[in-house]
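Look for subunit A in each of the two complexes below; its partner is subunit B in the first and subunit C in the second.
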Partner chain A sequence: MMPSNTIPWPPLIYLFAGIFIPLAALKWRRLAGWLALVATAAAAFFSVVNLLRALDQGVISYRFGGWIPPIGIEYILDPLSGFVTTVINLIALGVLFHAHRSVEAEIRESRWPPYYALVMLFLTGANGIIMTGDFFNLYVFLEIGSLSLYGLIAVGEKKSPVAAFRYLVMGTVGGGFYLLGVGFLYLVTGSLNMGDVRNILFHLPVTPPLIVALTLMLIGLGIKMAVFPLHGWLPDAYTYAPSPTSAIMAPIGTKIGAYSIARIFFFIFGLKLITQVTPIAQVLAWLSAIGIIYGSILAMAQNEIKRMLAYSSVAQVGYIGLGLGLANSFGFIGALLHIMNHGLMKACLFLVAGNFRLRLGHSRIDRLDDSLRRSMPWSTAAFTLAALAMIGVPPTVGFFSKWYLALGAIEKKNWLFLMVILISSLLNAVYFFRVIERMYFRPVNSRQTSENLSETTSAEAREVGPWLLLPTLIFALALVVIGFLNVWIVKTILTKALPAVF
Partner chain B sequence: MTSFILGHYAYWFILLLLVIGLYGLIMKRNLVKKVIGMSIFQVAIILFFIASSTKWEATVPVLSGHQETIQTAAYINPLPHTLMLTAIVVGVATSGVAFALIILIYRRYRTLNEAELLKRMAEDDAE
Partner chain C sequence: MVNWTTYPSLVPLLAVLISLAAVPLIILSARRPNLREFWTIAAGVGKLALVLSLLPPLLEHRVAVLNLGEIVPGVQLAFKADALGVFFALIASFLWILTSFYSIGYVRGLKEHKQTRYFAYFAVCLSSTIGIAFSANLATFIIFYEILTIATYPLVIHKETEEAIKAGRKYLAYTLTAGVFLIAAATWTYLLVGKLDFIPGGLLKNTPFEPKTAVILFSLFLFGVGVKAAIMPLHSWLPTAMAAPTPVSALLHAVAVVKSGVFGVIRIGEFVFGPQLLRRYHLDYLLLTTAGVTIIIASFLALKEDNLKRRLAYSTVAHLSYIVMGVGLISSPALLGSLLHLAFHATMKITLFFCAGAIYVHLHKEKVSELDGIGQVMPWTMGAFTVGSIGLVGLPPVNGWLSKWCLGWGSVVAERPFFLVILVLSGLLNAAYFFPIVYRAFFRRNKNKKTGEASPFMVVPLVLTAGLSILFGLFPDIGFKLFKIATDVGILIFGRLQ
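And now, the complex of A and B:
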């Protein structure tokens, strides 16, 4: 028997864990990682419970402090928010399992408790953004999540504070634009509650302030989501952050922005406002399409696995934006599926990049050779599987989200978008096979072994321990298993998560 | 037209502040000045919310004694003020994190000038 008020528990568990970890870990630093793991497991469990409830009962509203919604803050649990919280909490669980060892290796011991506390606060923000039904509350959670991320990035290698500062400047501008948009929306509607705003907008004529509000919100959330021209912060932040941060930021960070755009523009403003009155959906689709090609091409030019994955993220976020921008049910399902799939794929790839850094001391593509396949067989296998999923080879998850996106583009009769999806798969193949080719077929003696003595050569490296290997393999396995389960996921969850207009 | 311009003078001022903030954020080379620009940008947004809540001939939203019907036109809207309390806290936290990062950057690169910083970062790569 489950208590009936589990709806706000995932963000609350993270919030209390974020406060409790630095206190408890004052004396025992090793406790921090364990507490974070326990808190994430609990939050993941309750988000699964929430998802099952939402599938069973439809939309449920949770009122904070018992205040009636337009006045008080409410949390909305519907199949969409239930699905996304479940996905990000399960991914966070896997990544934190892996972080247990990689934090030990990359971060000074005195910083473990604050590091885990910041991870918890970041997840508080992520869960809060997804659950909340209030525009201003969303802004607060957005800033909670972003502020913790700046700290998480800045503990990395030498350049990481610069990357974090750049992200801070852009992130603050993004948050500011969103807040300004909320201000205009409040002037027009007189309400901050999402459901209330939807009902009021239904009766209101379209006025310039409303369009300004929409545009400002799109820019603000677009920066958080890293849509093409607003992605400037992303490559450096992903590259210079410590591996556990990259692994938790890449699958979750940008998805939150994507989710907020889906929630606000499709559920609150409605299709008419974003496709007919203003071309917001079209703009999003076109920018995303450019971003897909741009990100894929730049990913081909990188010589460092993490940086390549960062540019690939710009492209993959583009798929989500494209799916949303198509504004039909296939596109929306493709986008939601890709939120989950890209989260899993990127988590797996960044975990492998972390494993390489741990064992080799670097993750540069030009220094990899085929001894790696013998010395770290499981990590390379997981990388290959995830790379195939990114390319979109059929039984893996990547194929299915691209399939739905392609169906959406065909339904819209937009052949250019279809071409973009197909060409980008080809480009994905090019940049991932560069790495795979080096890992499996490049003979050892083609590079000078003595060029850097501080680095372990690939032949001397050992496979990482079970703590690091297990989550990597679980993610890799999930890519295939969920690929087979995709019909079930789409049928039971995602078709219920569509906005009513489709 | 003149009444439109004069009637919204607070908003023109806020718009100017917003642009000054963004200018500082983008064009200034010094990282501290960028943070100053960021703060101006945030203050402009806070002022925007506050300005939107004002009404002519209205007073502070404190009810004195028990009243049967509440004349909403007689009181200033208190909601934007409370929202902006939170936004101010967010702004303070952001500046705090920004200055902490600036200290870190200065310790590692001994400069706060962006051009110089990029040069020294590129030198690191070359090594």
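And now, the complex of A and C:
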């Protein structure tokens, strides 16, 4: 028998784990990773429980401290929030499983407990943002998540503090914009509770402060989501952060911004306000479309796998933005599906990049050669499969994202967006096959050898251990399995997660 | 009107999976080549047996279907072994067995590297080809079509030379782009009619269209399948892909991959749009123009090509467009001709590729200008080559005459005699680029010191395919009832055989 109120547990578990880990691990530093893993497993379990409840009962509101909204803070559990928390917590579980070893390799032992504590706080923020039904509370979680992320980035290699600082500046500006937007909204409606605001807005005329509020919130959340041209912080942050950080940030970080935009603009403000009164949906779609092409082209020019993946993220976040911006049910389903699909793909790719770093000491594309396919066959295979998913080859998940987004674009009769969606998969093919060709077909001896003797050549490298390999392969496998399950997911979860207007 | 009934059966799925199941076995027995090749052959024989088991019910107009549940909302992952599908599957699975024997001779004769990878991906390719053949709807078709694209890539770049890798890039650039167009077309179709099933006579038959929409949608489809069908100007990947080992060119670039493309053209033309729609919106002009132009230009390009395999590739480009033309002529004899050419061109062209490979392995010659007197060294090989050439020119008794005859009949029935002229002209051009090779081989002085034939693994298959070409030319219905099945497809679409 499940306790009846599991709704706030995922963020609470993370919060307490975040506080408890540094204390408990004072003496045994190895305990930190284990505790984080246990906490994540528990949170993932409860988010699944929550999702099942939401599917069964529809929208459930949880009132903190028993205070009645709009006075108290409210958590909203519906199929949408249940789905997204489940996805990010399960992905986090896989990544932390992998992080267990890669943290040991890349981060000094004394920093393990605070590192894991920050991971927990980041996940607290992520879960909180998704669950909350309160505009200001969302800001609080946004900052919790972002602040811990600054720390997580800054412990990386030499350039990482600069990257973290850049993110800190942009992230804070983003948070500030969002907060200003909330301020304007409060000015107009006199409420911070999302459901309350929706009801009030229903009766209010559209006034300039409201439009200002919408715009400010879009910019603020757009920075968090890394929508073009607000993505400036992302490439450096992904590249210079330690591998476990990039692996947890890439699949989860930007998705939260995307989720908030979906939640706030589609569920609270409503379709009329963002498509007819203001062109917010159109602007989002156009910016995303440009971002898709821009990110893909820049990804081709990169020489470092992590940086390439970072630009690819800019492009892939564009898929989500474009799907939302299409403002129809196919586009929305495509966007939600891509939140999950891209999370899985990017997690897999970043784990492989981490494996390479661990064994080769680098993840530079121009130094890869075909001995990798012998020395690290499983990692390269996982990379290839994830790359095919990114290109959108059926029956992997990427194909199905593309399918729904294409349906959405055609239904809107927007041929340009259709072309963008389709062309981008070709651009993905270009930059991924560049890496695949090197991993599989570039002879070893054609390489200029020994520029850096301390590095292991790929011929001497060996496959990573089971702790690192298992999560990588599970993600790779999931790319195919979830591809086949997409109908089930769409039918049982996502169609229930659509805003009522569709 | 014949009544077709369906019955549920696992056989189509098993026929797809059997070669996929062989892949792990092939990889696991990498160190024991004989065992490894045994798995390939066993999977091939099993596949053919499974496909053959669908034949007797099919001849009684019963079609095996299998539904595996939805793959995207509203569309099932479904197999349907209808007449057209079985027709294609029979050819592909039968020729795979011969190609496997030939491959053994080829890769061992050349001591090729990475033979395990070679055989493994070959098996994957065949799985997806059969999947394409048995797809019951566009979504299933696209899935296997894309898997085929990816699975062929490692075979194209097999040699891993700079040239091969470049060919691989070009191949992917063309085929992935095509896949994208196909997805656009399929999603659009889905929004128009809410389903994607292949329906004889046309899924879109009763859909009201603006003429412009019909043309754009059809063009998207044609682009999608036209790359693999090597319709000009989408053909240029095919000659480049000749960088692949010869058995790959033989089976994939004369049978499986390119025939999947024209199979797609037939599916789109007869099962998605349907003859009525093609005629109503003048889409047949699109097919006929591209096909006619391709036939003539590709033949001329073949004429001036000195590299034997590339000459064969251009010839393939031309002959694929025969099939496209047959769809465009919109008459049941022309469709019959298309289908027969799909099968018969396969037997003839695979013979020629086998010969080219045997010459390469045995004498290391790749150019037409080096083939002087080679018929005196390798009489069986060049004899088979002669048979294939005669067939492609369209002279009896080799099977090519029959498919051309039907195409010609179709063009008369369709009252487009112009295409009869194209057929004759192209026959002459075929003679012009094939017969000089035969002449060189048998009547020029032999300067080769080496004597004897290549390994029997190679010679036996090529003699068999040549013999088969003659046999089908004389008795088209023998063995696989190809003529009967093709006629059934024609009747299914047009109601009667004109």
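What we mean here is this: the second predicted complex is superposed on the first by the 502 of 502 C-alpha atoms of A that agree within 3 Å, B and C clash if a C-alpha of one lies under 4 Å from a C-alpha of the other, contacts with A are read in each partner's own complex, and residues count from 1 in each chain.
FYI, contacts are C-beta pairs under 8 Å (C-beta built on N, C-alpha and C of every residue); 3 or more make two chains touch, one makes a residue touch a chain.
The structure presented is a predicted model; accordingly, all values stated were derived computationally and were not measured.
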Task: Name the contact category of A:A353: first (subunit B only), second (subunit C only), both, or neither.
output: neither
- request: Mind working out whether A:F433 is in touch with subunit B, subunit C, both or neither, as first, second, both or neither?
  value: second
Message: Tell me the contact category for A:W403 with respect to subunit B and subunit C: first, second, both or neither.
response: second
- prompt: Just subunit B (first), just subunit C (second), both, or neither: which does A:I391 touch?
  reply: second
- prompt: Is A:L152 in contact with subunit B, with subunit C, with both, or with neither (first, second, both, neither)?
  reply: neither
Which superposed partner A:F484 touches (first subunit B, second subunit C, both, neither): second
- prompt: Do any residues of subunit A touch both subunit B and subunit C, and if so, which are they?
  reply: none
Query: What residues on subunit A touch subunit B, complex-wise?
result: 136, 139-140, 143, 147, 150-151, 154, 158-159, 161-162, 164-165, 168-169, 172-173, 175-176, 179-180, 183, 186-187, 192
Task: Going by the contact rule at the top, pick out the subunit A residues touching subunit C in the complex.
output: 388, 391, 393-395, 399-400, 402-404, 406-407, 410-411, 418, 422-423, 425-426, 429, 433, 437, 441, 443, 484, 486-487, 490-491
Message: Help me check something: in the complex, which residues belonging to subunit B touch subunit A?
response: 22, 25, 31, 34, 38, 41-42, 45, 48-49, 52, 79-80, 83, 86-87, 90, 93-94, 97-98, 100-102, 104-105, 108-109, 117, 121, 124
- prompt: For subunit C, which residues are in contact with subunit A within the complex?
  reply: 69-73, 142-143, 146-147, 149-150, 157, 160, 165, 168-169, 172-173, 176-177, 179-181, 183-184, 187-188, 190-191
